[in-house]
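Each in C-alpha cells, the structures are laid out below.
Here come two complexes built around chain A, the first alongside chain B, the second alongside chain C.
Up next, the complex of A and B:
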C-alpha cells in the first residue's frame, strides 16, 4: 500500500515580535482508517481565463465519506491575478499569485465539487494534485 | 509588513513508480495574526436550541424572573432582547415593545437596558417549561423574530432539562442562530454545556473574525486528535446565510488555505473536547 506524507512548514521571523514562528505539521494520507494509504493521484497543470467562468476541477463522488486531499497552486506572477476557490456554491477563498492551498476534501456530498475561477484579465496558469481514496469510472457511452 | 514563509512537501516512495518528492513554497505578507492558538471544541451540533434547567420546576413567584432577559440573534443579524414581565403584577403583555414607561410588573420605569426589549408575560406558578413555551410564542410573534426564526413548541413538562429547537423556514438558509446564554440574566437557562443544554453559535469556536482581516487572509488549521472515522471530526463553516460546512478535518489532518473575510469562520465538532489548533494571518481590514 502506498504511503504518502504531507508536511506543511510555516515560519516567520517578524510576524510575532520576540517569538519566531515555526510550525511543522505532518500527516499521512490515509484512506478511511489508518492502515491503507491513498492510492489514487490526479495531478496536472492548466490555464484559466476570466471569460471561462467557474470550472469544476473535480467532481465529488457523493457516495460516502472518504478521505481526499486537494492541492492547488496559482502559478501566476501577476499580483492582480487570483483564483477563486469554491466548493459548490460556497466561495472558500481567493488564491493569490504564487500561493497554494492544501486541504482535506470530503466527497460525501455530491454537491461538493471543487471549482476554480480566474479573476482579473489574462491567463492564469495553475497546477493541482488530488489524492483520492476511490474513483468510479464514468459509464460507457 | 511581516513575512510568512510556507512550504508544502508531499512525498511517497510507492504511490507511483517514480518517487514522489514534491515541495512548493510561498511567502505571504501579513501585518497581524491570531497567533497559533488552540481551543477546546465542545459543541457537537449546529442545531440551535434553548434549554431550561428543570422543566417541571415550579416558579411560584414570577417576580423572581421579572426584568430578566435573553438575547437571540437570527442568521441575518437581527437581535432581539426578550424580557420577562409578570402578569400578576400587571406587567405588559406578550410581544409588547418596552419603552421608558412600560409596566413590567412591579415598576413602570424599567431599567434602561430593557428598553426596546420584547415582553414575555409570565404568571406565578408557571413551571420553567411554561416560561420557555411562553418565550417560544413571543419569538414567533410579530414583534419578535416574526418568522426569521421558527421556534418549535416545547414538549409537555418533564423532569430535567427541556428545550425549544429553533429552525429557519427559508429554503437554503441555516438554522444557526446566536443565543447569548452566557450573558443572559434569566436564571433558568441551561448553559451547562452538556448534551441537553442550550446550543447555538455562541457554543462554536470563532476561528476567523471577518472584521479583523482584509481579503485574502491565510488560514492554518490542524486537528490535534488521533484519527478516527467518526469521532473528533472538526467542521468549519462560514456564517453566511446558508452556513454550510466547508471543511471536515479528521484527527491528524491539517489545512492551509486562503479564506475570504466577508464572513466569520466558526468551528464545531463531532465529539466534545476535540482540540483545534489554528492560526489566521492577514492584513488590516
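Up next, the complex of A and C:
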C-alpha cells in the first residue's frame, strides 16, 4: 500500500499585528472512506496560452463521489499572468504567479472536470499532481 | 504590507521512485507583489447535523481581488467527512459545484473567486450527525 502525505504551513508575523500566525497540518491521503492509501497518480507539467482558452486538466473519469486530491502550481514569475481554475462551469479562483493550490476533488458527476485557463498574454508554465481513488481510461475513439 | 507565507510538501511512494513536491508561496494581491492585508482570522465551528451551511459568504470577498481560503477537518475519522462546495448546497452530484470531501485531518488551501453572487458562497455539509469540527480562515485583499 502506498502512503501519500500532504503538509501545509501558513505563517505570518504581521498579518494580524501582535498575534503571529502559525498553521501547520498534515494529512494522509486515503482511498474513499478507508485507511488504504491512494494508489493512482497523474502528474505532469505544461504550458498554457490565453489563446487556447479553457482546457480540461483532468476529466472526471473515475467513480463519482470519491476521494481525490489536486495540486496545481502556476510557475510563472510574471504577476500579470494568472490561471483560472474551475470545475466544469464554476470558477473556483484565480491562481497567481508563483501560487499553488491543494484541494479535494470528489468527481461529483461526469461533468466535474478540472479546467484551467491562462489569462494575460504570453505562456504560463504550470505543474500539477492528482492523487486518485479511481480512474477509468477514456474510451478509444 | 503584510507578508503571509504558505508552504506545501507532498510525499508519496505511489510510484516506484518516491516523489516529493515542495513549494512555498507568498500570498499576494491580485496581479501584484503586494501581500494580502486582511483576514477573517482562524475560525473553528462545530457541526452536529447534516444540513449544508455557508461558512463564508461571497460578500466577505471582493470580485476581481485575490482571496485564499484554508479549510481543515480537525477530526480523525476516515469515514465521516465534510462536503465543500461553492453555492447554497453541498451535495455529491449537484447542478451547483461540489469541490470535494474533507475527511478527518484533510485540509485544503485554494484561491477563491468571490464573484459577488451566492453561487460563490463557500458551503459545507457534514456526512454525519456525529459532532465534527472545521477550522477555516480567509486571506484577502
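We take it that the second predicted complex is superposed on the first by the 136 of 141 C-alpha atoms of A that agree within 3 Å, B and C clash if a C-alpha of one lies under 4 Å from a C-alpha of the other, contacts with A are read in each partner's own complex, and residues count from 1 in each chain.
Basically, a residue touches a chain if its C-beta (ideal position, glycine included) is under 8 Å from a C-beta of that chain, and two chains touch if they have at least 3 such contacts.
What you are looking at is a predicted structure, and each value in this text was computed from that prediction instead of being measured.
Once chain A of one complex is fitted onto chain A of the other, the partner contacts of A:126 are absent, as it touches neither chain B nor chain C. In the superposition on chain A, contact of A:13 is made with both chain B and chain C. Once the two complexes are laid over each other on the shared chain, residue contacts for A:87 go to chain B and to chain C alike.
With both structures placed on the common chain, the touch criterion links A:101 to chain B and to chain C. Common to the chain B and chain C interfaces on chain A are residues 2-16, 21, 23, 25, 27-28, 30, 33-34, 37-39, 41, 65, 67, 71, 73, 82, 85, 87, 89-96, 98-104, 106, 129. Those residues of chain A that touch chain B in the shared complex are 1-16, 21, 23, 25, 27-28, 30, 32-34, 37-39, 41, 65, 67, 71, 73, 82, 85, 87, 89-96, 98-104, 106, 129. Residue ranges of chain A in contact with chain C, taken from their complex: 2-16, 21, 23, 25-28, 30, 33-35, 37-41, 43, 64-65, 67-69, 71, 73, 79-80, 82, 85, 87-96, 98-106, 108-109, 112, 129, 131.
Interface residues of chain B facing chain A in the complex, by the touch rule stated above, are 2-16, 20, 22, 24, 26-28, 30, 33, 35-36, 215-216, 219-220, 222, 227, 229, 238, 240, 242, 244, 246-250, 252-260, 279, 281. Put simply, chain C touches chain A in their complex at residues 2-15, 19, 21, 23, 25-28, 30-33, 35-37, 39, 41-42, 66-68, 70, 72, 78-79, 81, 83-84, 86-87, 91-94, 96-103, 105-113, 115, 119-120, 137, 139.
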